[in-house]
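The two complexes that follow have chain A in common; it is paired with chain B in the first and with chain C in the second.
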Partner chain A sequence: MSVAVASGGGFGRWADRRFKYLLILPAVLILLLVGVFPFINILIVSFQDISLIFEDRSFHGLLNYKRLFTEARLWQAILHTVIFTLVALPLELVFGLLMALLFLEPIRGRQVFLALLIIPTVISPIVAGATWRLMFDNQFGPINQILGWAAGEPVPIIWIVQKGFVWPAILIAEIWQWTPFMFLLLLAALSNVDKSQVEAAQIDGASNLRIFFRIVLPAIKPVLAIVLLIRALDLFRLFDVVWALTQGGPGTRTETLSTYAYVQGFQQFETSYTSAIAFVVVVLLSIVVVLALRRVEIAR
Partner chain B sequence: MARVRLSGLHKHYGALHAVRGIDLDIPEGEFTVIVGPSGCGKSTLLRTVAGLEEADEGAIEIDGEVVNDLAPRDRNIAMVFQNYALYPYMTVFENIAFGLRARKFPKPEINKRVQEAAELLDITEQLVRYPRQLSGGQRQRVAIGRAIVRDARLFLFDEPLSNLDAQLREEMRAEIKRLHQDLGKTMIYVTHDQVEAMTLADRIVLLRDGLIEQQGAPLDLFERPETRFVAGFLGSPTMNFVPATLEASDGGLAVRFAEGTTLPLPPTRAQAVRSRAGSAVTLGVRAEHMSRANDAGTREGLAPLNVTIDLVQPTGSRTYATFNLADTAVSAELQAHDVRGPGEKMALLVDMNRIVLLDPETDRVL
Partner chain C sequence: MTAVAPATVPVYTAPPWYRRAKTWQMVARYAVAVGLTIIFLFPVYWIFIMAFKTPEEVFASPPIWAPSSLQLNSFRKLFQDGEVISVWNSLVTAGVSTLVAMFFGTICAYSLARFRTGGNNLAIWIISQRMIPPIVIVFPIFMLYAALGLIDSFFGLIVLYTAFNLPYVIWMMRGYIEDIPLELEQSALVDGWSRWQMLWRVVFPMVKGGLFATAVFAFIFAWNDFIFALVLTRTEVTTFPVKVTSFFGQQQTFWAKIGAMSILGTLPIFFAVAALQRFIVRGISLGAVKG
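== the complex of A and B ==
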């Protein structure tokens, strides 16, 4: 206080210094409204016992959380989600990176190819899923037809039902849709790598592989980390494609965390139980994001 | 050490014909400076020698071997870039060692060489730092260290000093020259700065629009330019060019300006241009070849010229005085106290032995 007085402050000065807070106030309010309030509401509901039949708003302690640990179907869904993320993410990364490297070279019709490649990412995921359902159709789908031509006889694969085919079908659709996203961001990062560093390394005698791993990769690492994080979070919430193709079926074979939560929340109306799932997922992902962002910070 | 020979070199960038047929022979151990205004193709030429650009036509020979189809890494050359091109995620040590590691040198050898290079360039203290922690001059040293550590046969410099401030530029210029004296390697140095070219070069190659305008020892080019472009490019301030006519007078020749003033040519100079008597010429005279007339009298070849000074620019040791001659602003370099201020009338002496006469049609020296 004495400082403010000594510097001949008064209200004008005080307002001046606080003005920045005033400016971010609307954003903070909106954030509270759409971010924090639902989060707290979920937390509250998860400690109650609300479902289609009952609406018991009294405190039930960890009732719903206990159920989380005993529900085998939930753990199966989590396992599906984790494995799918671990498989799809590296594939998208490798394909995206290779495509981006390809596009670094000046090629004829680059703009046209770019525009075409971005289409999958622009399409609504549920539409993409529906499209792939047609593609994979066992009678009229072009995929079986093409495989049939290659095999020389009709191929009777029922992609979205048959064991051993249903996950790959989802994987293909997911990679098809999201690799371009990876590609686009990596292309932007790669285009920004200082060309003279690469040239200096060439003259220094480094092989292309060495140049990639020692010069290019470190330079795109921050973008790479962010892209991987975004895609990992997306994959962990995998819903649309699965829903459009299999709705988690056959049975629960392709159920992911998100489709499971959807079924519990909006088909079984297990509101409190679903809230508990959502809360745990949010907490877990928040921890992952914070840790990941801290790593990115260090890398920079 | 390497001898470099370029023959019939062409390079296009789409519609732009950047290098338009260059023949150049660089002997072993020579410091060649390729100089020219921006866009003259000098960097392209250097990058073609390095293998970073492919020549469209012509041959690049290093030590008698045509290297057109060799990748940069197989040409055994070193290059220093304008922006240093240091690897930002490696320490100075790793930067300098990068080429050695890539070429699978044994570890003790790498340590020894990096240490030696660091000592030579006085960056031993910086070896553990990262490029972003260094000053511009230190970065430049690291870039040079990276080049010399590999013992390459040919050194290429692409405007290496243009990102440094004036004082540092002078320091590093001297260091690069010393480096050449110590290592004795063949070096090709590209710059747009004629002072750098003059001070560093064993030989200057002056490039214009993708072609060699003139090449030779720095003083040769300075004193005996073949074209107006060369005469105007080298030297600071720029040579004055004044339209005039060449006329016969008293059995000799004189340069006559529109207002009637004449400057007699000494007999030795007159001989060569006698056939031009009566035709229009351009007189080229450097600021430092004019002086204030004093009582000591004139020596052979000094021609008096009466002028009215209209602009005075002191630099400390010298003062530049600008006056009007044949509707052209002409600048003379005088002693600091030779001129008092604008409006002063004075007699100058023009050293007619050092002037150049140009054909105004072709801009070639007569």
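== the complex of A and C ==
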């Protein structure tokens, strides 16, 4: 992995101030327009009391913020999101790493394998969700059929409804879609590990496990950090696959923070309450993201 | 010092058992690789063949693994029922927003890369904009658009996709521009070119590959988006992922149409990714891994 060398040094002398600000102006304006201005609006709305049946634009203090703490369904959704992230992320990492190790040594047709294996990651998450809804379908899906062959009798599981099956179904879809992402990036990181160090350690008689933890892991750590950060933030916003498979159901069993906010904002029309949720999430995540980005390699 | 006669190095030939073990290892790795590829591609195959099955085959239970003939009726129906317009809507919104984001994003990236405008703080603020969950971005945008009458308009969706892709474009292009040497730009200015001429004739051609790759990824992100389009469109500007979910019915799910729509929505990505092999790793890791 090469790190770009800062090359701005000699430029500042003749940098025309107006030119450099002119260049960033349109982009920053659009980002402010879409990223900051609406948040001032939801901050105001979150202190009011607006919902489908009721519109009170007077100041209500922390009414909606207090509700955040008492709404059990919100905390259940957050819990689902956190647990799902904690389960899916390590699984994707381990599967991705194993696949990367498989393809690390030269293998004929490697480029073809890579081009095919990346497909799940680049297709639309909604298509992926629809695909798995079909795969798990109890009539038209092949999964129950295959399980039926193995069991020797018809398997009547209704994956996207039955307790104990609905989360695994979402998990499988998510892992299927994002393990190739981990795989590809870890493969690239592993390919860049200095081979001479590994060979030297092998000559010294170090065990493979020791070599992995002492040489390989420290070398790929910066990539690992950024990949885990990207995926953790992705999982935290989990929406599309859940929406395509279960819409958060049955009941609220598979509700995530994003599907919950969607239902509150766009189906129940709890405008002020949803504004409070959105505002808190934006503030907390912005802090987390900025702190994390400062630490990882990506911020040069 | 007396010259030491070079030692004769024996030509090492691996013993036959070792070569056999190597061959078997290779065969095993190959088998696992092929098996994995089948597992990862089978679901895609399964949704795609739905488009080519006859209605009886689509609703056969237990399901049929390979259709007896390749029917094109589902595609015809998508055209007849006018649903295919959603693919066009996706193309327009993703395409226009990508072009706009590429232009404004690249010149902004140039300023960040060469003049260090705003330092690291501005760059981090910009990329952090991308990491906020879309649902909390789209909620205030929805209120704003409702007030401005921009719901279900091309303009509204394009503005949002542009804003969504700008951080990505800026971040990626900053990296690509930092990778090219400074001297050409300096000599272009010494030769009396204007700064804009220098951008068009020196910088952009030098980062051609990066521009192309970044544009394709930006396009794919907008193309694949579901949540923004779900919230901000009704009937006129519905994009293809929203259309796909409309085929899930209470009584019946139109799997043939979902299959056909999935093919239309996925094929462009297949070709883009195949053409981009060299840039994929850098593109999806936000530039952290340079392949």
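By definition in this document, the second predicted complex is superposed on the first by the 263 of 300 C-alpha atoms of A that agree within 3 Å, B and C clash if a C-alpha of one lies under 4 Å from a C-alpha of the other, contacts with A are read in each partner's own complex, and residues count from 1 in each chain.
Convention: a residue touches a chain if its C-beta (ideal position, glycine included) is under 8 Å from a C-beta of that chain, and two chains touch if they have at least 3 such contacts.
Fair warning: this is a prediction, and the values are worked out from it, not measured in the lab.
**Student:** Regarding the shared-chain residue A:116, is it in contact with chain B (first), chain C (second), both, or neither?
**Tutor:** It touches chain C, and chain B stays clear.
**Student:** Counting touched residues of chain A, say whether chain B or chain C comes out ahead.
**Tutor:** Looking at chain B versus chain C, the one contacting more residues of chain A is C.
**Student:** Could you say whether A:184 touches chain B, chain C, both of them, or neither, answering first, second, both or neither?
**Tutor:** Second partner only, chain C.
**Student:** Under the stated touch criterion, which partner chain does A:33 make contact with: chain B (first), chain C (second), both, or neither?
**Tutor:** The second partner, chain C, only.
**Student:** Determine, under the contact definition given at the top, whether A:126 touches first (chain B), second (chain C), both, or neither.
**Tutor:** second
**Student:** Name the contact category of A:142: first (chain B only), second (chain C only), both, or neither.
**Tutor:** second
**Student:** When the two structures are overlaid on chain A, which partner does A:99 contact: first (chain B), second (chain C), both, or neither?
**Tutor:** Touch status of A:99: second partner only.
**Student:** Would you tell me which residues of chain A are touching chain B in their complex?
**Tutor:** Touching chain B from chain A are residues 194, 196-197, 199-207, 210, 214-215, 218-219.
**Student:** Provide the residue numbers of chain C that touch chain A in the complex, in ascending order.
**Tutor:** Residues 26, 29-30, 32-33, 36-37, 40-41, 43-44, 46-47, 50, 58-63, 65, 104-105, 107-108, 110-118, 120, 122-129, 131-137, 139-144, 159-160, 162-163, 166-167, 170, 175, 178-179, 181-182, 186, 189, 195, 220, 223-224, 226-227, 231, 240-241, 244-245, 248, 253, 255, 258, 262, 265-266, 269-270, 273-274, 277, 280-281, 284-291 of chain C touch chain A in their complex.
**Student:** In the complex formed with chain A, which residues of chain B make contact?
**Tutor:** Those in contact with chain A are residues 50-52, 71-73, 75, 77-79, 81-83, 85-90, 98-99, 102-103, 146, 150.
**Student:** Using the touch definition up top, name the residues of chain A that touch chain C in the complex.
**Tutor:** Listed in rising order, the residues of chain A that touch chain C are 1-2, 4-8, 10-12, 14-16, 19-21, 23-24, 26-28, 30-31, 33-35, 37-39, 41-42, 45, 99, 102-103, 105, 107-108, 111, 113-128, 130-135, 139-142, 145, 148, 176, 180-181, 184-185, 188-189, 222-223, 226-227, 230, 233, 236-237, 239-240, 243-244, 257-258, 261-262, 265-266, 271, 274-275, 277-278, 281-282, 285-286, 289-290, 293-294, 296-300.
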